[in-house]
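Next, two complexes with subunit A in common: one pairs it with subunit B, the other with subunit C.
This part shows the complex of A and B:
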C-alpha cells in the first residue's frame, strides 16, 4: 500500500533528532553544527540563505564545520554565493551540486571551482527563475535562513532586509522541509511577525549579528562628468521622450547620476510629476533628494540598504512599512513588480556585442545574473497598456495588423564606451562565450539578450534599436554610439549619418544638450554628507562612506 | 610611459586671445591639459604622455575629431593623461578650447 506521508514522517524524524540540541525551538550558537549534523542527510537539497545583501552567516559557518563523513553530497539551492563558506563546503565534500543565481564577490572562485570540477553545476538562474524552481523541482529539504529576532515560539522578525526569506520558507515548510533560522536575538515579543512561528522549526541565537552588505550606496563625490552627460541624455532622450513614470534602476553610477539630476536638471526641463514617480528599487541613498523634493511617490524594495532604516521609517507615504514602522521588503514580489508593472529597466553592463547582447561575465569570473534579466526583459505575459509601453510597441512594430500590436518594455543599457583600465565595453564577441566553452556551460551566460534591448546610451549618443529594421541598421547603430572603441572606430560613417537622419542615433546636440554643460554642479548632492543633509540627518551612512 | 605627438593643419585659428590655460586635475583619473597659444594660426599640435601603451590609434582618432570640431589653430596642447578614458580626454580638450576662447 502506498505511503502518502513518507516525506512528512521523514521531516518529523529530522525535527526529533534536532530536538536533542534545542530547548524547545531555541538552539545556542555553539550547538548549531551539532544541530545540522543531526537534521541533515546526505544528498539533501539545502537552501542556505545567501541573499543579495543579508547573509545567514552563522549557519554558513556551522554548515562548513559539519562532519563530511556524516553530511555530504548536499545539493545547494540558494540565490547568492557571497561568503567564502558558501564555497568551502564544496571543497570538503559537504556539498556537491549547486543551483544559484548571483555570485558577485565570489565570481572568480566559482569559475575556478567549476573548471576544476569541484562544483557540479545545475544552472545559473535569474532570481525569479530560481524562486520558481523552489516550488517545482528544487524544493529544499532544509532551509537555513536569517532574521533579526525571534520569540521562543519561532515567530520571526526579518527586519527591513526581508529579501528572499518568505519565499524560501514558503517552499520549504509547506513541502515537508525543515526551517532553521538564525537570529541576532531571542526576544519575548517580536516587533512584527514576518514569518509565523509554526513555519520555523529551530531558532539559533547567532554569536554575531548577521552580515549585510551596503551594495547600493554610490558616493556622489565619485561621479564623473561623463556619467552626468549620459544621465542628461537618458533623462531628455528616453525618460521625457516616452514619459516613463514606472521604472527600475540598476545599481551603477549612471542611474545614481540620474537620481541626483531629477531635482535639478529634470526640474529645469519641467518634468516633475511626468517621469520617475513609481519605482521597483532598493532604497538608494542617492534617491533621497528626489524623494525630498517631491519627485518620487512610491518605492517598493527588494531589500533594504545599510543606513537607510531611520529615513525610511519617517517616510511611510513613499515606502512599504510594517505596523512597527520599519521597511518591509520582498525580493520575489519586487522582481515581479519590476517585470510586470514597470515600463522601463535601465542599467549598466560590462560588455555589449554588435547585436546588443550583453554580459557581465569576464574570462575569469562567473558573476551570475541576479535580477537584471527579470526586469531587463520584455514580459510577454503583460496585458495592461500604458503610454510608454504602447509607444515602444509602435516603434518596434515592423509588420502585422496594428490592431493586434502589443506594447514593449523599454530595456535601456547605459554604459560608458570604455570601462576601468581602458577596457572597451563594446566587443565583437562576448567573453561569456569563451567562458561557457571553457567550463562546459550548455547555455552561454548572457545577461540581457539583444532582442530585449530597446536603447543603448553612451557618452556619444543614444541608439534606438526599436527603430532598426535590419541587422545592418542594428550593427551600425551600436557602432555609431561605441565611441573610440575598436567597434566604434569600425563604423560605416555614411550609414551612421543615415541612421542619425532617421532618428535611430541621436547625438547630444540632436537632443539640445551641450556636453560642456555636464558639470558636477548639476548634481543635487555632491557628497554623502550632502545626502545626510537632504535627509534631515535621518540617513546614517556606514563608516566606510564617511570622511568627515 | 608612451609619448605621442599629433600635428594638424586647421582651417581657422582658434577665436580669442588668451595665451594659456590649464584644465582638469592630474592624478585623479581625470587628466590635466595645458593649452598654449604659441604656434602659427593654422597649426595645432597635441602632445600626449600616457602610462597606458598601445592606444595610439585611439588617441589619433580623439585628436582628429577634436581638431575638426574646435579648429584650434595656434595651440600647442600638452596632455598628461593619467590613464584617463578617451571620452574624458575629448571632454577636457573641448573644455580647454572653450577656456582659450574666453
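This part shows the complex of A and C:
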C-alpha cells in the first residue's frame, strides 16, 4: 500500500516537536535556536528569507547557533547570501549545499568558499528562476521568513517590504513544509493580513527589527557631469526615439540621473507623458521629483526603500498600497512585470566584451545575478505589441517574412568607458570566464548575454546593436563607443565613421547635445535634502545619507 | 553658462573660481600667481599624481560692495582642497601682503580636508605660517573672515586656521573640525563615532552646530549671495585684535568646556543651550534656524 501522506505526517511531526518551545504559535527570540533544532532534520531544504533588501536576520543568527550534531547537511535554497551568518552555517557543517541568486556584499567570501569546496553549489540563479524552482525541484521543507508584525494566530503583516515572502510561503506551506516567521512585534490585530495565519506555523518575536539595506538610494550630490551627459543621450536618443513609456531602471547613478533629468531636460524636450510613465521599479528616492511633477503614472515595486514609506503612503495613485495605506511590494510579480510588461530595461554593468556580453563579476567576487537578467532579456513568450517593441523588432529584423516579425525588448547598457578607480569597462574577455574556470562553474556568470543587448550608451555616444548586420559591424560599434580604453583605441576608424553614417553609432553632436550643457544645475535635485523638499517633507532619508 | 547669478548659485556646488566671480563686485578680481604662471606642486609628480596649474587655490585682490578686499579660495575638488607647499605659500603670501596693503578685509573661502599627505611637512609648515600671518594681519587692523560651505568642509589644519580668524560664516552643508569623522572612527572606534552616520557627523561638525555654540558667527543659506551678505556684516563687526579680545575668547572657550564637557551628543548641548526641540534643529530651514539662534546668548559674543 502506497502512503500518499508521508510528507504530511512528517510535517505534522515537525510541528509537534516545535510546539514544545512555543506558546500556541508564539516563540520567544531566546528559544529560536531550540525551535530550529527541534524542527529541522539533516539534509532538509531550507529557505532562509533574505535578498538584496530585507533579511530574516534573527532567524539567520538562530540557525547559525544550531547544534551541528543535530542539524547538518542542510540544502539552503535562498535568494540572497548577504549576512555573515548565511556563510557561517557552511563553515560549521550545518549547511552543505546551496542554490541562490544574489550575494552582493558576501561575493568575495562566496568565491573563496566555493574555491575551497566548503559549499556544494547547485547553481546561481536569477530571482525569477529560483522562485520557479521552489515549485518544481527545490521546494523547501522549512522556510524562515521575516515580517513586521503578527497576531497570535500567525496572521502576518510584512509591511512595505513584502518582497519574496508570499512566494516562499506559497511554495513551502502548500507542499507540506513548515513556515517560521520572525516579526518585530506580536500585536492583537495586524494592520493588514499579507499572509493568512493558517500558512504560518511559528512566530518568533525578534529581539531587533529585521534589517533592510537601503540599496536603491543614490545621493544626487555624488552625480557627475559625465553621468548627466550619458543620461541626456539616453533620454534623447533612446527614450524619445522609441517612445518608451513602460520600463525598468537599474540601481546605478546613470539611471538615477535620468530620473532627475525628466522634470528638467525631459520637460524642455516636451516629452512629458510621452516617455517613462509606467515603471517596474523600487521606490527610488531620485524618482520623487518626476513623480511630483506629474511624469510618473504608476510604479509597481519589488520591495520598498528605507525612508520612502511615508511618501508612498501619501501617493496611492502612483504606488500599489493596501487598505492600511502602506506599500505592498512583491518581488516575483514585479520581476514578471519587468520581464513581460516593460518595453525597456536600462542599467549599468561592470564589464562589456567585444560582442556585448556583460558581467558584474570580477576575478575574486561572485556577486550573483539578482533580478537584472530577468529584466534585461528579451522575453520570447511575449505576444502583445507596443510601439517601442515593434520599432525595435523592425530594426533588428534581418531575414524572413515581415508578416512573421515579432518585436524586441530594448535592453540598454549605460556605462562610463572607465569605471571606478579608472578600471576599463570594455574588455576583450570577461573576468567571469576566468572565474568560472577557477571555481569550476559549468556556466560562466554572464549577467546579460550579447543577443539580448540592443544599445550601449557611453559618454562617447550610443551604439545601436539592433542595426548591426554582422559580427564586424557589432564589434566596431562597441569599439566605437568604448572611448580611450584599449578596446576603444583598437577601433577601425574608417569602419566606425561608416557606422556613424548608417546611424549605428551616434555621437552627442549627432543627437544635438552639447557636452558642455551637461551640468549639475540640470538635476531636479542636487542633494538628498532637495529630495526631502520635493517630497514635501515626506521622504525620511536614513542617517547615512543626510548631511544636516 | 551665463554670468554668475549670486542669488541662485549654490556655494556647495560652485567651484572656487565660480564662488569668487559671484562673490565679488563684477569684474573686480585680479588674480596673483594665476594658472597661466604654472606655479605647481614640485612633489606630486613623485607620486605620479596629477597637478593643478593653480595648485588648488586662487588668491588675489577684488572689491566687495565697494570695499577693497584680499581673497583666497580653495578648490575642494582638487585633492580635497588640501594644503601643499605652493598652495600654502600662496595663502601666506597673500596674508603677509595684506599687512602692508591694509585692505578692508581678507576673505578666506576655506574648502579643505587639511594637509596634503604627499607633502605633509611643507603643508604642516604652511598651516603654522598661515596662522601666524593671520594673527599679524589682524594685529595690523585687517579683519580676516572665513567663509565655509564647500564639499570638503574645513578640516585638519584648515580647522586650526578657521580658529584664528576674526569671524566665520558657515552654511548648513559646511563642516568645521580638526580631526575628520573617519580619523576619529579609526582612532576611537565606530562605537565612539560612526563616520557613516552622516546625521551624526553633521550634528557634531556641521554648520548649524558650529553656529549654535558660537563657533561660527553667521549662518548662511547655501547661496553666494548669502555668503556675500554675511561677509559684509562680519567685516563690519569684526572685533579689535587686542588683549581684551583674547582674554574674552579664553573665557568663552573655558565656559563652553565647563558647561558642555559632559554632553554625549550635540542634541544634549543644544538642549542645555535652551533650544526647545533639539531634535528638530537638523530639519529646520534657514529662517527658522536663525529665529532659534536669536534666542541663545552663546551664539553671539564679542570674543575671538
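As a convention for this text, the second predicted complex is superposed on the first by the 548 of 548 C-alpha atoms of A that agree within 3 Å, B and C clash if a C-alpha of one lies under 4 Å from a C-alpha of the other, contacts with A are read in each partner's own complex, and residues count from 1 in each chain.
FYI, contacts are C-beta pairs under 8 Å (C-beta built on N, C-alpha and C of every residue); 3 or more make two chains touch, one makes a residue touch a chain.
Note that the coordinates shown come from a computational prediction; the quantities given were computed from them, not determined experimentally.
Asker: Under the superposition described at the top, does placing subunit B and subunit C together on subunit A give a clash or a fit?
Answerer: Verdict on subunit A: clash between subunit B and subunit C.
Asker: Once chain A of both complexes is superposed, is A:418 in touch with subunit B (first), subunit C (second), both, or neither?
Answerer: A:418 sits against subunit B, while subunit C stays out of touch.
Asker: Touch check for A:226: first (subunit B), second (subunit C), both, or neither?
Answerer: In the superposition, A:226 touches subunit B alone.
Asker: Does subunit A have more residues touched by subunit B or by subunit C?
Answerer: B
Asker: Contact-wise, after the overlay, does A:112 reach subunit B, subunit C, both or neither (first, second, both, neither)?
Answerer: Touch status of A:112: no partner.
Asker: Please work out whether A:297 is in contact with subunit B alone, subunit C alone, both, or neither, and reply first, second, both or neither.
Answerer: The answer is neither, since A:297 touches no partner chain.
Asker: Applying the touch criterion given at the start, work out whether A:526 contacts subunit B, subunit C, both or neither, answering first, second, both or neither.
Answerer: second
Asker: Just checking: does A:545 make contact with subunit B only, subunit C only, both, or neither of them? Give me first, second, both or neither.
Answerer: Only subunit C; A:545 stays clear of subunit B.
Asker: Would you check which partner chain A:41 touches, where first means subunit B only, second means subunit C only, and both and neither mean what they say?
Answerer: Touch status of A:41: no partner.
Asker: Hey, which part of subunit C ends up inside subunit B in the overlay, 74-82, 110-118 or 272-280?
Answerer: 74-82
Asker: Which residues would you name on subunit A as touching subunit B in one complex and subunit C in the other?
Answerer: none
Asker: What does subunit A use to touch subunit C in their complex?
Answerer: 221, 519-521, 526-527, 537, 543-548
Asker: Okay, in this complex, where on subunit C does subunit A touch?
Answerer: Those residues of subunit C that touch subunit A are 1, 10, 12-13, 151, 172-173, 196-202, 206, 208, 282-283.
Asker: How about subunit A: which of its residues touch subunit B in the complex?
Answerer: Those residues of subunit A that touch subunit B are 224-226, 229, 416-418, 421-422, 459-460, 483-484, 489, 515-516, 518.
Asker: Which part of subunit B faces subunit A closely enough to touch in the complex?
Answerer: 30, 52, 55, 57-58, 61-62, 83, 85-88, 90-91, 94-95, 98
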